[in-house]
Structure formats: C-alpha cells, structure tokens
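In what comes next, chain A is part of two complexes: it sits with chain B in the first one and with chain C in the second one.
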Partner chain A sequence: MSVSSPTAAVGSFTQAAFDAHLAKVSHLPAWWLDRKRAAYERFAVAPMPKRTNEGWRFSNLAALTLDGFNPAPAACPFAQMDHHELGVTGAGHLVFANNRLVASQPLAAEAAKQGIIFDTLQNALLKHGDLVRAHLLTQPSKLGSDKFAALHEAFLEDGAFIHVPKGVTAPLPVGVFHYACGDGTAVFPHTLVIAEDNAKITVADFFRTGSGASPAPRAFACGGNDLYAGHGASVTYVAMQDWSRETLSFQFNATLARRDARVLSLNLHAGARQARHESFSQLAAPGAHSEMLALTVAHGTQEFDQRTLQIHQAPNTSSNLLYKNALLDQAKTIFSGLIVVDADAQKTDAYQSNRNLMLSDDAEAHSLPGLEIQANDVRCTHGATSARIDREQEFYLESRGIKPAQAQELLVFGFFEEVLGKIEHQELHDTLTDIIREKFRA
Partner chain B sequence: MSQLEIKDLHISIGEKSIVKGFNLTIKPGEVHAIMGPNGTGKSTLAKAIAGHPDYTITSGDVLLDGQSVLAMEPDERARTGLFLAFQYPSEIPGVSIANFLRAAVQARMAEGEELDATAYYKRLYTKMDMLKIDRKFTARAVNDGFSGGEKKRCEILQMAMLEPKIALMDETDSGLDIDALRIVAEGVNAIRAGAQPPGILLITHYQRLLDYIVPDFVHVMYAGRIVKSGDKHLALELEAKGYDWVKKEFAAATAS
Partner chain C sequence: MKPLPDIDTAPTIADEAAVNPVAGIDQTKGDFQYKVDYAFDAGTGLTEDTVRYISSVKKEEPWLLDFRLKALKTFLEKPMPTHWATKDLENIDFDKIRYYLAQGQKPKRTWDEVPDDIKQTFERLGIPEQERKFLAGVEAQFDSEAAYSNIKEIVAKQGVIFVNSTEGLREHPEIFRKFFGKVIPTGDNKFSALNSAVFSGGSFIYVPPGVKVAQPLQAYFRINAENFGQFERTLIIADEGSEVVYMEGCTAPKFSTSTLHSAVVELVALKGAKIQYITVQNWANNVFNLVTKRAVAHEEAEVKWIDCNIGSRLTMKYPGVVLKGRKARGEVISIALANDGQHQDTGAKMIHAADDTTSVVVSKSISVGQGRATYRGQVHIPRHLKGCKNNTECDALLINTNSRTDTYPAITVRGDKNATQHEASVSKVSEDMIFYMQSRGLTEAQAMSLAVNGFINDLARQFPMEYSVELKRLIDLEMEGSVG
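This part shows the complex of A and B:
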C-alpha cells in the first residue's frame, strides 16, 4: 500500500545490500543480529524527513539523498592513507578504514594492567557481549533522525569499544580514527565508551577522508557514539569531523550521566557538504553534569545542522551547552536546542548558548533555542547571538602591525578558545588547535 | 633618526569636520604634550594618524621620515614605526598577551623568517620586569577583565616590545590612580631613556601626568588645531587658569 517509491526510501541501502552486510557479520551474537534486522525494518519503512517536520526546520532536505552510495566499499590498506596521529605520546589508538580495522596501537601496559579494555566493537560483542548489549545504542533517537539512526544500527560493522573499570583513571587519552576511502563509500563509525563508577577517561574520535584526493570523493558517513558515565565517573569525549567536502554526514550522540558523573563532549565540525549532528544528554541521577560543546568552521556552501537535547531527570543536575560557529563564504549553520526539565528535577541548573561569528555577509546562521520546564525551582538560561568580528578589536590588532588576515585568525581563535580551553590535556588541546588552524586557512 | 611631520591636517568623522589645519613636527626623542578641553579633536588626531577607519583625512599630510603614511593600511603604518597607545584599549577574550605580542613581533619579520622563541621570551620578560609586570600576565587574555591600570601598563608593555619610532599616547593617564600613574610614567621614562627613544605625542587632559612625564613642548589644542605652544610651564599655567583664557584669545584672533 506504500505510495512512496522504495528506492527513494532506502536508496542504495536495499534489502539485498543489508543481507550482504548481515552475511559479513554472521559470527556476531544473535541478539545483535536481531537488533540489526529490526533496525533495518525501521529504516526501510520510515519516510524521509519532510519540510513539515519541526526537527528539520531550515535543513536542506533536497540534498538528503541515499542514492548512489556503496554500502560495501572495498578494503582500504593503511599504507595508502594519509594518517595523522593523535599527538599524544604513548596513547593507544584504533584506525578504521571503510568500516574495518586497519591499524592499532594497544594501550600502554600500565593501562592494560588496570583492566581498561580498548578494542574493536566486534571483539567486544564476542568477548563482552553483556556490556555491549547494556550500552550500545540503547537510547532512543529523539531529535528527528530516527530513520538514519536505524540505518546506522543496521549497517554498523565495526567500531571502537572502551571500557574503564570501577575507580580506574586512564593515564592517557585514547584515539579512534575512522577513514572513508574511495568515491561513493558509505561508512558507519561507532564509538562506545563505558566508564564505570568513579572511572575516568578521555577519548578522541577523528573522522577523515583517506587521502587529499581531488576532486573530493563523495561519501556517506552515518556514525554514532554512546557515552556512559557511572556514579562519580568522568568522561571527556572529543570528536573531529573532517570528512571530505562532498560527504553527507550524520553523527548521533547519546550521553548518559549517573549520580555525580561528569561528561564533557566537544565536537569539532569542519568537513562534509552537509553534516547533521544530533546530541542527546540524559542527566539521570542527582549531581550529574554534562558539558556539551561544539565548534564549527563552515566554508563554501557547507551546511552544519546541529540538534541538541538536554534532559534533566533528577534533582541537582546541571548541563552547560556552548556551540560556537564561525561562518565564512555562503556557509549555513542551524542550531536547534531543547532543555527539558522533568517535574522532580528540582535545583536543575541548565545553560544553553549558541554563538555565531559571521565572517561573511553571505553566510546564514539559524538558532532555535528552547526550554521545556516542569519543575518550579530551577535555573535555566538560553541564548543565541550572531555577530561579526568587532571592528575595534580588529583595528586594535592591526594597529600593532598584525596583518588583517592574521588579525582575523587571532580573533576567531579567541572566539574558539572559550571552548578549546576546556580541554585540559595540553597535547590534545594543541592537536585540536592545529587542526582548526589548518582548516581555517584551507 | 626618525621624525613625524603633521602638515595642515584636516580630519572628519562622516560629514563633521573635527581637526582643522593641525601642524606639528616631532623630532626624534622629543615629547610633545597636547592639552585642551574635551571635544577639541585630540583623540581624533591620534586615531586618524594610526589609520582608524572611522576617520577621514580630508586634506593635509602625515609624514614619517619624509614618507606619507596616509595611503597605508593601519597594520602597515604600525610596521613602519607608528604606535598608538589607546585611551580605551580593546578587550580580546581568548587571545593571550604572549600570542598577541608574538604575532605583532612576527609581523615585523621577513617572510619565512622564524621567530626565536627563547630570545623573544627573554626580551619580553626583561621589558615586563622594567614595567614591574608579573610574568603570569602573559597567559591572560589581552585586556580581558583588566583594571584600568593593568590595561595602560599592557599598552606600555606593547610599546616597549614593538619599539616604535613615534608613539601617540592617547590619554594614557585617564582612569589611573596616582600609584598606577606613577608606574605607567616610570615605564614611559624608561623607554625614553633607551638607546633610540621614540618621539612621543602625549595627549592629556590634566597637567598631573606631566609631573611624571616631563614634556619638551606643550601645545594647546582648541577647535581642531594648535592655538598656543610653549614649554612645560604652559601646562602649569593652564592648570592654574583653566582653558577659558585660551578660548578667548582664540576668539579674538579669529575675529580680527
């Protein structure tokens, strides 16, 4: 009875493609394969987003095609990739290309001895099935992309699994690299971070195109991360989205913070033609805190679409969202954020702010901040601003002999530092700063 | 040695003419104080010479070492040797003083030349010691949350680091208590005592500053030009008598 054409609804991700994918992962636990089948069903029947969907307001729906992608890209040898390290000496890393592990550096002996697990999701599914089952993709998709989130679950082949046992502090950050190589490639990266009670870890995710080939390869990236912080745990998660400028990108984040836990996530957005990022933080028990940060450098005709949800479910929880965008050329950003405070989440302290730095008259920034408060004793603030570079600040720098282009760069970094400065690990902070500097000059 | 010549300078903001025929030559190492009532064009003069985009120079010329600076962008003027110490320095959140000054020093180096970081910090710390500025200061964002005194000391630190040929100091004393004023003045005097002291145009409202930074010349500016010049005694006379007599003299002179 369906009226929409089946190819429009699933594009390249046909039943046959899904069956071929399932055959590749048939060695994984049955419960996971069942979940994938159910996810594929949800994906296939869900309609594409429509103009009337509030969750897609201002988004370029015309460019959201699922056609013309390769759901089973060929393997990509590590030697052919233009790989950059995390910049943290001795840190463990996993490198995935076209959904498969191509290189890795195990954790230092000290970290391994403490029982920290840093492995592929496939290995974790086989060896730590219960842990994965309890935390992988268990949060509902609430921000509009249920169809694409289902596609992610259906085609998710491999990713990173990080588990930090109770009371253990990981001595160094770990790095996870996801590459997409070749034209039309579809990738489904995932990073699952589980920090048990009073554990502490920093994880950095990098999303890149395998080589600086020109013209930029077309790709489809549909990734996610789950961040779980148990009682008193602390998770710092940094993601650098730097896909090719011809990529359609989706990223879904689900954060769950238990009693007195603290999660900081910082998403840097630089790549893709059109990138949608959905971030969902659940403050599930008293004292939980979530710091939701993002920086975007938007060039050309790039579109960055950011949708966020902060749900306060318990008293004395706090969240702080700060999304900063620098827009050049004809770039477009959309920020839509909602803070929800449940009736019994008294003494909630929630903050939400979107700041746009307009570096071009032709760029476009949309802000849709929102609050939904059921408790009566809370402090919630939100705000959005769009401003150009301050002329007096620019003149001040230039009056010291600094050339206009460099003055602008300094001011943009000054604008970003409020966010970058929250990364306490100095080497990681410097790596991120260098990447953004390079992006800004690109 | 460097000199600044300001020749029959006329400056407008929008349609409004502010500076009307200003003439002055500052020779190397000389300190010229410009005094005068509010709204007479003192700050306009300093900002326009530095190249602020809000001000239009409608006629006249400004020459540094015989070369006109008017066709230059603000950053070029600075690299040529002009320095403006701002009355209200901008706050620049997120940009540390160390990075900011390094960018300014680097801008003066040849393309491809690498900054010697060790030598840079050594020089920076020497100048900070001279100005009695705590070294922790370098990690702070430029002027962000600074007190009035800290902002002005930061201006003098920049002047000491960039070693301009000509410094235009716009109401450097405003907003300072007497202790802060003394520290700032000591810094300026230390720069004056250097091997190649800059020529200084010192704009002030009050004679008080001139007790600490003793000028070679004092000029009274009124209605957009210099109406009276003298030595440091002129400042004391102005302090005692106010500006009314200058205004009257000017009215009589222009009426005749």
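This part shows the complex of A and C:
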C-alpha cells in the first residue's frame, strides 16, 4: 500500500515523520512497534471523513486539516510551564509536555506498598509488557474516527499507566497532566487504567496548553484513554480538556466493565477550536454499570462534537449517560449517542440524556440520541432538550434582589451541578467548578 | 425530442418470468395471481421510452413530459441512500418492475377461488361484503359508484375539486401547476425522483377559501384502478381558512403483484387552513413501500399527519411539515407494527421556518416476532427564530425476545428563544398486567392483544371510528401466535 495514495490525506504526518518517530521509540517491544506500523498503514490509506458519513453528521469537516503541524515538537522545559497541581494535591502526578515526561511525583509509600503501579507507558511497555498488550488500544474504533484513532496509535509516544491489583483501593486519586507548548505542536496523550477484580481507583487527566501565550498557539491533540474494570472493580475517571482555543482536538475513550464493575467517566470540555470526543462503553458481563458524564462550556466559535456508544452485551447491565452543554456566542455542539442492547442482554437498564442550555441567539445545538434494541425485557429511555434558562426561575432570583448576571450564573451552575455532584472527591469537584466559573467570567 | 412511441410498438413482455415481478420472493399474504389483460402496459424495466410511453398514454402536455424525463435523469444519477438506510434497499430490482399498468378489463377470478384464510381475514376484520370482492381482486373496481358520486356531488357544490392526478393536471393546470412538485422537489430523494418520472394515479384536491369539507374525502371511494397504484401522486391544496380531511388505504391486507410502491404526497395549507391526512398502510409482505410525504403550512395553518403502518416488507416514510408561516402548527401521529420479516422505518420531519411555530410528534411502534421498528426523525429550528416549540415522544413496545427496535432522531436548534423536547422509551408488556388479565380468565394471547391495544389506544382514538375498529381487530390478528 502506498502512503502517497491520492485518496488519503496524511498532512504533516508523513511516512518520514513516522519513521523518525519510530526511531525515537525503537527501544520499546517489537510487538508494539509492529502494531504502530500497522496503525500507520491504516491511517495513511483511510480517507478523511466525508459528508455522507453518518458518524460525522453536522460536523465541520472543512476544518479537519492535518497540515501544518509538527509531529516531533521540541522539548518544553518544565520551568517555563505554567503548571498547577489542579485538584489532586498530595497524590501521585505525572506531567507530560510535548509527549515527554517532564516532572513526576511518585505515589505515597502506602499506595506503592499495596502494589499499585503508576508509571509512564514507556516504562510499563518495558516492565509490564503483557498487561499493556492485553489492554492498550485493544477495543475497536466504532464511532467514525478510525483514521484519527490509527494516527493516535501510530504516533503515541508516552502516556500514563495505572494498574491497581486485586482487592486494592487506592487511597488518593492520581493526576496526569498533558501540556502542548509552542505553535503547531502535535501531542498524543494516552492514559491506560487497569483496575483488577474488586480494585478501586480515581484518575484525573488534565489537558492544557503550556503557557498563556498570546496569540493562542495552534496545536493538534489526538489523545485516548482505556479504562478497564475487572469483576467488582470501580474506576472513576475525570478528564478536563482545556487546550488553547486554536487547537484541533480528538479524544477517544474505550471503557470495558466486567461483572459487577462500575465505571464513572466525566469529561469537561472547555478548550480547543474544534474538539471531537468519542466514548465507547462496553458492558461485558452481568451487573456491569457505566456512568458516562460530560459538561461542555462552548464559547466563541468553538465546536464540540461528542459521539457515544453504550453496548450492553450481557444481561442485567446498566448504563447512564448525561451530557450537558452550555452554549454561548456562536458556539456549536453536536451530541450523537447510541445505546445498543444485544439480543441476549435482557434486563438491561439504559438511560441517555442530552441537555443543551442555549445562552445566545447564535449558538447551535444538534442532538442525535439513538437506540438500537434487540432484547425485549429492557428499560431503555432517552431524552434530549434544548432551551434557554427558565424565565420564571430567573425572575424569581431577580425579584429577590439578585443581579441578572449573577442570577444567570447561579442557574447555569444549578444546571451543571446535577453532573458535578456525582464526583465524590471534593477537591476534584471544586477544581471542575472553578474551571467552569473561570470560563464563564472570561 | 423523439416522436412518441406508438402504443402498439410499446415494450411488450418477453417471457413469463418477467411478467411476475414477485417471482422468487416469499409471499405469505399475497401469493395468488390472476390473469389480467391490461389495456395499457409499459412492460418491465425503466428507460426513457417507458416514461415517454406513460406520458403519451396519458396524453400529457409537453412540459409534463419534460418534467418526467428530467426526473428520470435525477433518479438514475442519485445513489441509494444506504449510507444511513437499511441495506435491504439494494434488493430492489428496478429492471423487474412494471412502471405503468392501466386495467381495461375485469379480472376473471371468482369469489370461490379466493383462498379460505383470506376470506376469514376479511370476515374477522368486518370488511363489508362488497369491498371484500374488490380487495381480493375479484372485482377490478370497487363497486361503490353510488357512495362516490354522492360525496363528489356534495363537495363539488362547495367548489371543491376532487379528481385523480391525470385529470387534475389536464383540467385544472392553473391551480395545480403552481404547487405541483414545489413541496417535494424532484431531486428530494431517489424515490421522489422515481415517482416524478413515472407517476400515475393519486388524488388532486383543491378546497376553496373558507370551505370546510364536512366528510372525510377517501381515495377508497374513488373508482379508479390506479387508486392503489404503485406510483401515485397526490396534491392537496387547502386555500385560506378551509378545512379538509383525507384518508387513504384501508386496514385490510392489500394484495399486490408489484414489489415497489413509491408515492409522493404534497400538501399545501394556506393561511389559516387545516389539513388532516390519514393513512393506513397494510401492503403485502413483499412490498417495498418508499413514500415521500410533506406539507407546507402557511401562517396559522395546521397540518396533521396520522400515519399507520402495518404491512409491507420495508416501509420508509417520514411525513414532514415545513412550518412556513407564523404560528403554523404541525403534527405527526405515527403507529407502526412490525411482524416477522418486516421493517417499519417510519418517523417525522418538522422544519420550523417562521416564528412561533409549534410541532408535535407522537410515535408508537410495536415489534412482534423478528419484526424491526425504527423511528427516524428530524426537527430543525434555524437561526433567528423565536418562540418555536417541538415536542417529540416515541414509545416502542417489544413483544418477543428477538424483536428489535431503533430510534434515530436528529434535533437542531439555533438560538436561545426556542425550545425542543424529545423523549423515547422502550419496554415490553408488563408481566404483572398479563398475569392480572390471565387470572381473570383471559388467555395469554388475549391478554397480550388487550395490552397492545391499550398501548396504542390514545392514538387509535384519533382515527375515524371504522378505521380504529378495524385497526383493533387487525392487531388481535397480528398478535395471534406471537406468544406462548
């Protein structure tokens, strides 16, 4: 297969760039390098999304250019970065900038003693190859971004690896920070969470641009996460996407929940020019539960494109999706979700809800909540609403002497609190609230 | 332009295999044929000649022939919409379909030859004796001349035009040409293009300003072999402040020898007018029913589609309303029942194009056996409108463990002065309910029928009485053998 195939665009991610990338990671296991080569092949021959692709309905395809990015950005010294330990003080940290580890704080001695592994993906590939091989990017890409998911795998340099052994409860959350510094930088963050049977862990991912440089640097972020919850395990994953406003961002999530496992993922979307988030949850065994949450604050001309798939593969599984978007200015959001209930997944309880709060006359919200049900003894519902703030509630607050701007802020936070309230960790909850507040006041 | 082909030299059927377009397809309901001599027959397959032939038989004006030929070109150019629709569409063999038939003679079949199970079905549905013969193909035309001319007489006094499409285009071009093909342009989709190329049959109705038509107009009453045609074209224009109710189809199984039915229905409700369009579709299990239905509602007008789909192999139909004038209102009430081997892909489209427009969609589907029911909907509220509201509710009921249902809505809202709400649920019949009814002496099947009828009851009540009674009986019939 030729890379210069006229049907497929590779932009800055040429064969030469890929070869240079491979040379940098040549010390990693051969199976991984082989998988990367295969991924690059898939990326290079796959066409860019077309108007007729249902998985890209309503998306702005014209802006999906892969040109003008730097696949091998220079290192970004930690000292020059505007780093804050958001929401996870005292816990283990890994800080990546331009795909490389620049700072870290190991787990507390107590956690390490319990056998929890918190390391870089590169170290894990060398030390825990079998674990990584079994879980890293093993779920299929089903939501339309095959090309970009392949690009992620091909250029993935480093990321975070978290392994919690059987029956262990991690005492504190762990935090992973990914920074993109400099203009044209391409980053490929990845977080792999493996919670063995009856283990429990909370992981927070932060995606930020290195400094408050002006004008905002143009970046390309193509990240992913794999969340694996063994029997009876519990994984809480929080991601805060706050890339620069000139970033083209992709995030791919694959969640696999085994018997009686519980996975909660919450994605806060605030940054980027155009951000696509694909979330794929598999409820693989009876009793599995997946909680899929998202909050979006869309400003200016930002576009947030969220695609979700919850597949119920076994009886007695449940899932609950709640995606809330607040739209300001000329922002645009797309929510396209699908609940699939396989033929033998009786007693499924699935819910899917998308709420759009319209705060401007020029904002645009698209909702495509979908169901595909092949079992009959199920309870599946979905709902989608798009509306402005309730005028009566606004009037009530104003009648109590609260200024209109303040009343609006209160009501918007009321709107988000339904989601934020599901985060048990107080500091993380407050951090999320602060980021949203900052976005509103900006 | 080529000279019109002479009728005698029109394409003829070469062999017996081509005569029966349903050969090789399992026809559980409609597997009987009868010899019919057609006065006009365009043969099978679709070429420019077929279109010219249809146009010449109908003695159409040149503009209409041009319209048809352009449509044919569009049809041939457009791809199948399989990037979102079911792949089953690829099984349509356009070369084996007859695009035009006009019956000249009565069929030679007698009532005694009608299979017993079909007679029983009619009996149980309570279809009047006269109509049974027509539906079973014993009579080419439903003998209800009296009822028909009666209605026609009454409405004609009010100035209502109620004719078939050929007559409408020929005799009232000043009214119909203005609206014809305007609500649904030829290129709207592949099948609307096909219909535009080969249409025949269907109704043309014009209701003058302020006229309220007292009784529902029924295609059923109109005596015309083209009535149940494959490619009917209906256009209804309700002038300012008028009101009209139109009904098509019937609840009895319709036996069809054609495998493709592709109608286009356009409604225009001018200022303050009200149109209600009721469809009950029960085609045989081998029919692809691909219909485009759309209305334009002007200021303060109201359009209501009541759409019930029970038959066919695959139905794809999404009645729409373009809310073009301030305070216009659109409503779609949809009932779908999908049994083994059936896919009911139905839904609604609401395009809000003016301030203070409101729309409501209520859809209920029932999947029985391996049947598949799909709701597909679109709600569109573009920028800088205010006071627009949409409310959509979709409920799906699954009867058997292998039944299937899907829901695919698409809602677009721009601006902060409008509100939309969409809700859908999927469930099965409550076991408690069935248990209770069985404890009262009902069989499981009876209990199930009662529960299913209860599920659609609030929608079925909106149908005219005789339709809702037939619908209820039909559901009883469909539910038989689905449980236990």
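Convention: the second predicted complex is superposed on the first by the 431 of 442 C-alpha atoms of A that agree within 3 Å, B and C clash if a C-alpha of one lies under 4 Å from a C-alpha of the other, contacts with A are read in each partner's own complex, and residues count from 1 in each chain.
Here is the rule we use: a residue touches a chain if its C-beta (ideal position, glycine included) is under 8 Å from a C-beta of that chain, and two chains touch if they have at least 3 such contacts.
This structure is a prediction, so every number in the text was calculated from the model and none was measured.
Look at A:399: by the touch rule set out above, it reaches chain B but stays clear of chain C. In the superposition on chain A, A:390 makes contact with chain B only, not with chain C. In the superposition on chain A, contact of A:78 is made with neither chain B nor chain C. By the touch criterion defined above, A:411 reaches chain B but does not reach chain C.
Of the two partner chains placed by superposition, only chain C is touched by A:372; chain B is not.
In the superposition on chain A, A:343 makes contact with chain C only, while chain B stays out of contact range. Within the complex formed with chain B, the residues of chain A that make contact are 390-393, 395-404, 406-407, 410-411, 413-418, 421. Within the complex formed with chain A, the chain C residues making contact are 83-84, 383-384, 396, 398-428.
On the chain A side of its complex with chain C, the touching residues are 52-54, 57-58, 343, 346, 356, 358-388. Within the complex formed with chain A, the residues of chain B that make contact are 50-53, 73-75, 77-79, 83-84, 86, 89-95, 99-100, 103-104, 107-108, 141, 158, 162.
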